[in-house]
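So that you can tell them apart, the chains are marked A, B, C, D, E and F in the order they are listed, and the count of residues begins at 1 in each.
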Amino acid sequence: MQLHTLKKVTIVTEDSLKNELKRKICELGASGFTCREVQGYGSRGARSDAFASNVEFEVICPEAVAHAILTFVSHHYFEQYACIAWLSDVQVVRGARYAEPVGTTP
Amino acid sequence: MDIELIGRSLRDNLLTPIPMCFALGIFSKLIHGGIKIPKEFYYAISIYLLMSIGIIGGHELAHEYQAHGVATIWKPALITLLLGCLTPLSAYAVLRYIGKLSIADAAGIAAHYGSTSAVTFIVANDYVGNQNVAVDAYLPTLVTILECPGIAIALIIGAVGMSMQKRSESSARSNGLEDDDEHKGKLWEALHEVLTGQSLMLMVGLLVIGFISTLVMPADKFQVFEQFFYNKNMIFRGALCIFLLEMGLVTGERLGDLLKVGPFLVAFGIIMPLIHGFVGCYLGKMAGMSLGGCAVLGAIVSSASYIAAPPAVRLTLPEANPTLSMTAALGITFPFNIAIGIPIYFWMAQMVGAPMVAKETKPPSLMVPAVSRPAADKAGEAKPAEAKH
Amino acid sequence: MDIELIGRSLRDNLLTPIPMCFALGIFSKLIHGGIKIPKEFYYAISIYLLMSIGIIGGHELAHEYQAHGVATIWKPALITLLLGCLTPLSAYAVLRYIGKLSIADAAGIAAHYGSTSAVTFIVANDYVGNQNVAVDAYLPTLVTILECPGIAIALIIGAVGMSMQKRSESSARSNGLEDDDEHKGKLWEALHEVLTGQSLMLMVGLLVIGFISTLVMPADKFQVFEQFFYNKNMIFRGALCIFLLEMGLVTGERLGDLLKVGPFLVAFGIIMPLIHGFVGCYLGKMAGMSLGGCAVLGAIVSSASYIAAPPAVRLTLPEANPTLSMTAALGITFPFNIAIGIPIYFWMAQMVGAPMVAKETKPPSLMVPAVSRPAADKAGEAKPAEAKH
Amino acid sequence: MDIELIGRSLRDNLLTPIPMCFALGIFSKLIHGGIKIPKEFYYAISIYLLMSIGIIGGHELAHEYQAHGVATIWKPALITLLLGCLTPLSAYAVLRYIGKLSIADAAGIAAHYGSTSAVTFIVANDYVGNQNVAVDAYLPTLVTILECPGIAIALIIGAVGMSMQKRSESSARSNGLEDDDEHKGKLWEALHEVLTGQSLMLMVGLLVIGFISTLVMPADKFQVFEQFFYNKNMIFRGALCIFLLEMGLVTGERLGDLLKVGPFLVAFGIIMPLIHGFVGCYLGKMAGMSLGGCAVLGAIVSSASYIAAPPAVRLTLPEANPTLSMTAALGITFPFNIAIGIPIYFWMAQMVGAPMVAKETKPPSLMVPAVSRPAADKAGEAKPAEAKH
Amino acid sequence: MQLHTLKKVTIVTEDSLKNELKRKICELGASGFTCREVQGYGSRGARSDAFASNVEFEVICPEAVAHAILTFVSHHYFEQYACIAWLSDVQVVRGARYAEPVGTTP
Amino acid sequence: MQLHTLKKVTIVTEDSLKNELKRKICELGASGFTCREVQGYGSRGARSDAFASNVEFEVICPEAVAHAILTFVSHHYFEQYACIAWLSDVQVVRGARYAEPVGTTP
């Protein structure tokens, strides 16, 4: 089995940013994403009810795209919104599909 | 209306299941109790409530229209639009210049107070009905008219204010213009989001549906929808109990924030609604609305949005602290209105001399539909919502 | 039935809350509006609707059985089974040999058109009722009979076709047999999944429950369940509004796919139902069904499944493109049927000369229950569903 | 009550939609069918059911109170409290000394049998009503009284037992005391969790709400809530069908565990309820309760909790195997009670000679409210729940 | 604290495959799995409504089992179904439990 | 973009432990957490219905805090509750925020 080492970007932020983030992630070159509702607690307090909850995005992408996404997130969300973001290494099956920046819209 | 009367009216208003469910929710949070309404259940109920306000609103509007054309409604509609434009301004002015809040915070809170709360409308409607006073059939229409403009105007004030401030602060920086453009883009997006947001689309959509079906369907065919959605019937009442239980839980969770927001905001959350409510009652009377209608108009004008406004503000004015606006709207004004505000607006409506039955006014000729203007002389048969059930 | 009549019937059919909620859903998606029904709410409503079709179906069937034994129902049941076997064949033939679709795609779509749509049944039932024409009480039973066979047959065609194709393509390859076995395994699994799937189990299960309880319980004890589940009552109607709002949202989301699927599939999604519908009406009349019954049978035969079929096809025939079948079933045939198909089937039923009241036929002797055959001569007291409420 | 009567009563009890939905759920799991109720829907329904028991309980209690003060209710309430303290002890003794279960397992299961099952209450209430026998209006109050003490007492037995065992096992180890403290902390936490848990808070909260609103509101204003929540009305009945379908699914999923838990626990799950049920009926009669009341009291005393107890036990006595208690409570006792236990308790209540109408007793003077004691001589007008609808 | 280095397999695919995948993961030697509903977007479009949504599996297992699972997924799902799968390294507490292939059924 | 290498702790356990775990994670020095409902299967059987389901916590924290959390979990949950826990390496944006133990309550 051939595996490609790629980056996985994880972003947890306010769910009202979901639509924008979906769009941005694809614009910045990712071929797709997986997202889900989560609850959380952090410096901006608890986010776990109908009026305040979080969304978590996972994006498999090449390093350059990962950096573009993280840069966008840190410039636009960190100051004003509940947000955390991190990067990790993953070995992806048929990774070639995700290795080149693309530019679609969801 | 002497003290004893107020006391009795308070008791009659508060010691009923719906407000007590709200109190139970708060109490449960205070003692760290385990009541938990699944988010999806809460969403399901709010969808139902919004649809209900819409479809029954459209239904009543159709009756009103069949009986009086636009004679009774054009003035109240205009007045409501005016109130939707004035209240964000007054709220902003008070918050910014008396309360010394930042531009973003002042505009953010003003957006909430410029819009309205559907649940407050329902409770007010109910209260008035309990006083055996009829309300005008077109009131749900006014709720939908009131929902949007206030949010839009406050967001524009905020966006313009912020960009002016930024420009004056750093007239040297090069990215001023870009920022401006981005701000405008965000503003557009947020306005689109309010206009096409869940609450407005459901209310307006179902209003249109209710209006058309009432005109087209035989009355006995529509009846089954009325049974399901009508706000005096069991499903609506039961749903409201559960909804307010959840609202109580959310409010209880945030009660601690009351201490953080400071006395000014607490005072604002009580006094501003009283002022807006009075203006609502007064202008309502000027527009020829009945006693019940004026009282309900006062209540909805005074109330602050906690469903449509928050996400719109969060997206356009991220600098505004959401704790401030949510605490004021949900933690102060909402319970204040439910508990004592509504009886006060009712009393205000009496004070300004609103008549028991609405007056009819000839609308400016361009508003009269050419063909289907029904006989306006049958004013006597005006059949208020209450009388029918 | 002249043009004007059709127009009026269209208006009466479409300008009612349920279809207009469907339209609102589509509209909301078109303008990127914010209406969003939580998935769990949608599931909850579909569970309720399926239970409702089942239990009321069983209830009516019990009444029918008490009044006529199997005299009225055995022929329609056989006819429906026949239709369930014919429609996937005709659909497959058209798609494969006229439309030149791949085996998998043709079989996948045929599975959808061989099954039926419960919501179409409800709307058709309703439409007929609104024409003041009674429907036969056993119709929900026919819906459950129609649900399965079409899916099974189409899947078998697809599986056999695919494996023959593969074998002819690569008669040299060694894994031909293995693949075959695997395919058979998958086929079994998919058939099991259809037979024990949520929609069939709820409908059949509740049908049995409704049948037995009607026979055992005193009528006034059962009444409360009838109130809750009966499809002319408020809960059912209200639930249907919300359900169709969501269906509209899903359809609106997929409207763009209409352009992708090409004109052949669009034509198929309109013409095939008309053909199937006509055959349904005609055979229904042959089986002695009443005018209302024939019209509804036409509608359900013509309709395509979008709940039971998709997951079964996805599992057994993964080579079939789900966009094609969903777009045809949900994006074309469903709205076509709701909007104009149903009035057309009603007209077809009139054309083929279906009688206002169903005929009774002596069933083949082996089908007559030995003991409990009630007096068949009381045919006059046949009490259609509508008359009762 | 001869065999034939029992047979007929079983049939009347079981061949109705609610128990048959339970059976359908089990059946669906046995054949790996696809029926699936979203968790949130299940939660929503349980919230509704608990609220309903509470508010209607409070409503009936207010009527009872208005008619008889505390004359009819003080003895049953005390008796119920006593039963709540006795049943965990008897269950623990049997499990530990006859069944030779570990301390933790015995205490864990005893906590379930010391508490009660709201659904069993509802079905029992119903069964009695179907026999045309009135039940005492304050029964829902007894359910809430019975919910807690049993769990608390069993958890205390378990905690004390475990810590004594640990100390005797390792009197040399140094962390004995710490462990003890921690255990006490956990115990407190668990007791808090039971007392402020969802089920008790909703039932007690709504009981208070129902009580107060009935006293304060005009009867016709309260009626709409009664329609929504009353357990003989359609919404309650429909919700119960769906709830029991899900309970059947959960039970069916765990049926395999029946084999694992061994014959002792199966016997326990049938015989213990019969004993508890008999004691309940007997003491109920002693307390002056009516035939219907005694039967229902027997049923709720005999029943085992599967909603409030499990999480509390899991947190305080993690050494207890949850499979044992859930299998006994949900897999054995619950279906046993629904199917045949309830008719047996009814028969027991007849055997112990419970009267058709409840007796009134003068409560100890300290329990009589000084002012509002209404005329006690109007005993004749006692208006049982059934008679009203 | 002793930690074992093991593999974590993550699979995101169509939810109609959930039952099959549950069974397969255990058959191929994993001792268990964790799964949840997710939404997603990729080459097969958006998967975020009642008629199309995804499920995500996480499996902690030894490398051999991980490869068996990924091989199964790539042979059976990649061509016809919406699917992505990747591998990452994790340090697992009491990892010995998950380090040997087992063969149970859920 | 500056990234800090930190640890990510993942814990999957019975949802009745959710409140306790929320509190503990913060007491042991983490600055926050993200959590969600999940289903699962393991040595204690299936956990996927209203009477038995799981919660998954993700915590970004320095190594010491990670060890404290894992130690707590292994001492208090492993023996009696359905539970699995693991550690992985992540590169966190503005990681300084999460790099020092804090001590708040959610």
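We take it that a residue touches a chain if its C-beta (ideal position, glycine included) is under 8 Å from a C-beta of that chain, and two chains touch if they have at least 3 such contacts.
Just so it is clear, the structure is predicted and the values come from calculations on it, not from any experiment.
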Set of chains adjacent to chain D and to chain E: C, F
Farthest chain (mean CA position) relative to chain A: D
Whole-Å gap separating chain B and chain C, where each centre is the average of the chain's CA atoms: 43
Chain centre separation in whole Å, for chain F relative to chain A (CA means): 20
Chain D-chain F separation of Cα centroids, rounded to whole Å: 37
Gap in Å, rounded to a whole number, between the CA centres of chain F and chain C: 48
Sequence positions of chain A contacting 2 or more other chains: 36, 88-89
Chain D residues counted as touching two or more neighbouring chains: 38-40, 43-44, 235
List of chain C residues in touch with chain E within their complex: 39, 42-43, 246, 249-250, 253, 306, 310-311, 314-315, 318-319, 322, 326, 330
Complex contacts: residues of chain F adjacent to chain E: 10, 12, 36-43, 46, 54, 56, 67, 70-71, 73-74, 78, 84-89
Residue numbers on chain D that touch chain C, as the complex places them: 11-12, 15-17, 20-21, 24, 27-28, 31-41, 44, 130, 232-235, 237-238, 241-242
Chain B partner contacts - residues on chain D that touch it in the complex: 38-40, 43-44, 47-48, 51, 55, 192-193, 196-198, 201-202, 205-206, 208-210, 212-213, 216-217, 221-222, 224-225, 227-229, 235
Residue numbers on chain E that touch chain F, as the complex places them: 1, 3, 6, 8, 22, 26, 31-36, 60, 88-95, 97-98, 106
